[in-house]
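Residue numbering begins at 1 within each chain, and the chains themselves are lettered A, B, C and D in the order written.
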Amino acid sequence: MIMKKAKAAIVGSSGYTGGELFRLLLQHPRVSITAVTSEKSTGQPITALFPNLTGFTELLCESLDPDKIAKKADVVFLALPHVTAQETAFRFHQLGIRVVDLSADYRLLDPAVYRQWYEHDHQYPDLLKIAVYGLPELHREKIKKSVFIANPGCYPTGAILGIAPLMKNGWIDPKSIIIDSKSGVSGAGRSPSLTYHYPEVNEGLMAYKIGTHRHTPEIEQELSELFGDKITVSFTPHLIPMNRGILTTIYAVAQKQVDVGQAHALYQEFYRNEPFVRLLPLGQFPNVRNVRGSNVCHIGVTLDPRTGRVIVVTAIDNLVKGAAGQAIQNMNLILGFEETEGLMLAGLFL
Amino acid sequence: MIMKKAKAAIVGSSGYTGGELFRLLLQHPRVSITAVTSEKSTGQPITALFPNLTGFTELLCESLDPDKIAKKADVVFLALPHVTAQETAFRFHQLGIRVVDLSADYRLLDPAVYRQWYEHDHQYPDLLKIAVYGLPELHREKIKKSVFIANPGCYPTGAILGIAPLMKNGWIDPKSIIIDSKSGVSGAGRSPSLTYHYPEVNEGLMAYKIGTHRHTPEIEQELSELFGDKITVSFTPHLIPMNRGILTTIYAVAQKQVDVGQAHALYQEFYRNEPFVRLLPLGQFPNVRNVRGSNVCHIGVTLDPRTGRVIVVTAIDNLVKGAAGQAIQNMNLILGFEETEGLMLAGLFL
Amino acid sequence: MIMKKAKAAIVGSSGYTGGELFRLLLQHPRVSITAVTSEKSTGQPITALFPNLTGFTELLCESLDPDKIAKKADVVFLALPHVTAQETAFRFHQLGIRVVDLSADYRLLDPAVYRQWYEHDHQYPDLLKIAVYGLPELHREKIKKSVFIANPGCYPTGAILGIAPLMKNGWIDPKSIIIDSKSGVSGAGRSPSLTYHYPEVNEGLMAYKIGTHRHTPEIEQELSELFGDKITVSFTPHLIPMNRGILTTIYAVAQKQVDVGQAHALYQEFYRNEPFVRLLPLGQFPNVRNVRGSNVCHIGVTLDPRTGRVIVVTAIDNLVKGAAGQAIQNMNLILGFEETEGLMLAGLFL
Amino acid sequence: MIMKKAKAAIVGSSGYTGGELFRLLLQHPRVSITAVTSEKSTGQPITALFPNLTGFTELLCESLDPDKIAKKADVVFLALPHVTAQETAFRFHQLGIRVVDLSADYRLLDPAVYRQWYEHDHQYPDLLKIAVYGLPELHREKIKKSVFIANPGCYPTGAILGIAPLMKNGWIDPKSIIIDSKSGVSGAGRSPSLTYHYPEVNEGLMAYKIGTHRHTPEIEQELSELFGDKITVSFTPHLIPMNRGILTTIYAVAQKQVDVGQAHALYQEFYRNEPFVRLLPLGQFPNVRNVRGSNVCHIGVTLDPRTGRVIVVTAIDNLVKGAAGQAIQNMNLILGFEETEGLMLAGLFL
């Protein structure tokens, strides 16, 4: 029973997302990694960048040459900074290669919104039109038919999955949404800076980019589509002294007279067939440790009768469901594989 | 120039608050510690419980005998669990000793509220009437005249200081207040349990007691008094993998047409003369690491024009301004010392 | 192509080793988990103990009844405390079930040594005689023929793999061996106690059981066998504020005139065909992060010309190569599977 | 009772040592800080570099101009990189200012050894001759008479204090000394780099510079002086995921027939009058948490009868007794203050 494997390339493999893609694809039964690119480490083994891969691969990093890579890849994962990704994505798309772009460049449907938040023009509005926002829980059918996926941001994944059932069903006051997120440090990437220097982070805790984080319009875009009208949210990210994980605490005023059991049932129904969303039993709430290294999203729901607010908590691994894992989930869908192929890994717990 | 020192006893010295009281009082120029009690460690040196004190003290733990302790103390700090503290506090008060009670037993003015949240009757409603809620920034003059202080909870200290200026000046919709707090693990006390077992906490992150935490009524009591009418808030605590510190993120809808500069000025005015409240420059926000080991509260304020919300972030060390340090601040006030005596310590930074 | 899966039971599944066995076996293509036992949690879903497994299994914990379990298992993993495991292991063995015992009870060949270090008599010396010490790198052929495996301790795994090439080849003064180990906290198990209470461990660092740790005779037994004479070592474990991982730094005086290149070559030769031992390039040394979640052991070797000492550093994940992973490696061998089946997972890196 | 305070300048105040000097000097009753220098932050408030100081000082960073600073300082602390410090130290010394140099530049008495390990010539061998190695426990009387102190390195402080009593009394085989040290990350300084990027350190553990660390000759110099002949040691530092603290585990072969009680008594006698060395009770061993933020060194001693080795464990805070605290201790001595002035702070415990 020999099955021909799909060939995947990882472009921009020196960062955490690139490394995580490699780690996960290594154990994917239907994919082989044929190329990894890194401008700074061209010619070096990928194990020099990620010693955890020692003995698992002999691949060398190469310089990014889309023509060359297109010849040996069926699908390419772009783990590049935003703006930079715009053109590379376009090139690969033109070359007929399926693209999963993990940057922010093709997530915002409206180029004007992109310009406003990213302070750059979008050079490829036509490609932007065909890009699909790769959150399978909302857009599975579109993703399956697509060849170009804009992989969601880490914060939006946790936030949107937490709010979607309420929004879709009109349960909450759309003006009342507050999203308080707490992220591990790997979300900030692998470039050293004083802000992420170990002793500056450890035993510390802070909010940052209050009301101004670039993931805000992404959340608003998806919630607005679900709601059918424009939504504005308060979104505050916090930096937590841990490596992986995002916990998102969501507050919204209930518009319906509902009890906590009904709220829980709403989520159960909404996510009934989802392979990667786990609604926790009533009264239980997520902990990021339970999803570490895993592609699942844990959700807990309650309703505070004193204040009339629905409070939802979600947990994801920012590098897996928030990045590399979801990218592979999208790859599975666009290549016609089983959606869960290579991804049914339980969290590490510790 | 010989100055007679006040004599202080620490009752319930085996927990983190007891240990922190000892550490701070050791460097207080006007106090000597004359007794420490611990039922489990009676007869043992306090250094067996807190090896960091090795060489700084020879004190032995004794069993709690109020009559005996009253003879050698001018002021007693009660670091006992709630309910237990009720009677001990009463006994010391009757013996004419000044009391700073760090438990929750005398914080809630209304015994019915106490019963509702703590599921016990209050046995000493008369003492409750004379107890003063020991948040000097709100009740300094009352504290100075008092002999019995109910030292505030850790979460309420950070929350109330963050909201007071808005509440006092009617700037916000009183129904819109959301308090999202993140605490280090020392706040959970020193009794081992699976929940706080190292590998269960490290690299983890969770919300707990959503909408049901016992510090909620304490926050509501103080805000209601400032506002002049009953306030209900959403309060969610989170457990963060670090030892010390509480970061509190507060959201409220602005009722006035104000800009961020005005908001900042409001706080500057409100806390102008406060020795332990530090309003950060506009655009800067607190990090708990900057207040570690210190009695100060850092505050950052902004206003999100997109959503019309005021967002305030406060940082305290839960064991200092949130417990032992504030208790000593209160002691300074009731003994007529300089309020900052022994407490002008900068945070550890790292 | 339907392959009948082997049936595995995990006895004592509430601890970290039990949980890790479950996590790893879940992704093993040739095994299904048919039973998990826990006396305290009988009747509860295993997901109540390990929420990371939510959605991956519906198994309920059962009480330990060897007869009942023997009917549904081909192999049983014992994750029980020492002494307790003695009899349970014996029972399963008598029932004809293959046993991988993760306790210390059948590791020490000499019952007198067991008595000396564990302060209990060994009740089953006959079974002890047939038990095989399950370090495949040293005893592969014996393991393959065995039905009863004593799975090595975590510290001994890292220490023995680090010293074996030197010992086997007579390169070092056998009296000069010093083993300085540093372990994450999961090695201490899941029972809460003050010593492992989060705030007592975090930002702390200590040595413990200096010269008296029970893993010492296990290391000495294996090194003595390699050397052909009795060896005594200095072994000092340290507790490190992290969840997983053991780094072992080994010092020994070189007896031969060798250079660092020869030392490296010795290891390369010794471990040439080992699937789970990775000798790092000359000049590189291991970091536990690179083996987290993985069954590999990383080794770095140097030779200090100033002191004439060989210095070897090894890194393993104490829960994987130091416990559950190695147990599955042993299971693969005794069931005739490919040795690496289900275990070719790269470390998590972060 | 007005006491004129000594004036202190901190040169190179942007790093962790500079910040710690500021924090500690702030609470020193006999010193005022009159100047802080930072080339990168000239003109900025020191609170921009260390927000923990907010509200405690209004000082602005200035550019390093020795003439200018000499006019306002009685003593200057140099927290500069090695090599750079050479000339600055010389300038201040020529200007008649007392100098406590926290760099490595004046620690090694022999310029040839300096050249060998630091790969630079020493430009000021004459000043080197008058510099005193500032470990008060060994050189108190010389320090008192000196105006130029070479403040010891962090690792050497913990190592030398641990070995001195054995060395001085000829108890151990001088060829058998192994020093295995474990340090928190602040020891690596404040310059961001990938090695110290938070996610690369957290949950990781590694040895580094095995047998080649520059603190080695400093340890050997002091031990050789105590022993009366040249000593060579094995020294291996490790990086631990925590902010502060060094734990040093020392192994040496006993040359005398002694028992553990005698070993303990030796240390007790040696350090009887030392204000900052705390010998722990027999059977107890240090934990870095107990000295965090404090100038004390904790020591535990044992003797392993199986191997005939003395094993000593020491704990210091690398930023305090290992740097800024010891520098202030030296300052106290050279200014004729009480040696413990401003330094009797118990460790933070958590």
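Here, a contact is a pair of C-beta atoms (placed from the backbone, for glycine too) under 8 Å apart; a residue touches a chain by one contact, two chains touch by 3 or more.
Not measured: the values here are computed from a predicted model.
> Return the chains shared as contacts by subunit A and subunit B, ordered by label.
Shared contacts of subunit A and subunit B: C, D.
> Consider the two chain pairs B-C and A-C; indicate the one with the greater count of contacting C-beta pairs.
A-C
> Taking the mean of the CA coordinates per chain, how far is subunit A from subunit D in Å?
46
> Measuring centre to centre with CA averages, how many angstrom lie between subunit C and subunit D?
It comes to 39 Å between the two C-alpha centres.
> When the centre of a chain is set as the mean of its C-alpha atoms, what distance in Å lies between subunit A and subunit C?
36
> Counting in whole Å, what is the centre-to-centre distance of subunit B and subunit C, each centre being its mean C-alpha position?
Taking the average C-alpha coordinate of subunit B and of subunit C, the gap between them is 46 Å.
> Mark out which residues of subunit C touch at least two other chains, giving numbers and ranges.
16, 184, 186, 199-200, 202-203, 241-244, 287, 289, 292, 350
> Applying the document's contact rule, which stretches of subunit B touch subunit A when the two form their complex?
178, 180, 182, 184, 199-200, 202-208, 210-211, 232-234, 236, 238, 240-245, 247, 249, 251, 285-289, 292, 300, 302, 304, 306-307, 309, 311, 313, 315, 350
> Spell out the part of subunit D that touches subunit A in their complex, as residue ranges.
Residues 16, 184-186, 190, 192-194, 196-203, 241-243 of subunit D touch subunit A in their complex.
> Sort out for me which residues of subunit A touch subunit C in the complex.
That would be residues 1, 16, 19-20, 22-23, 26-27, 50-56, 186, 203, 243-244, 278, 280, 284, 287, 289-294, 296, 298, 319, 344-350 of subunit A.
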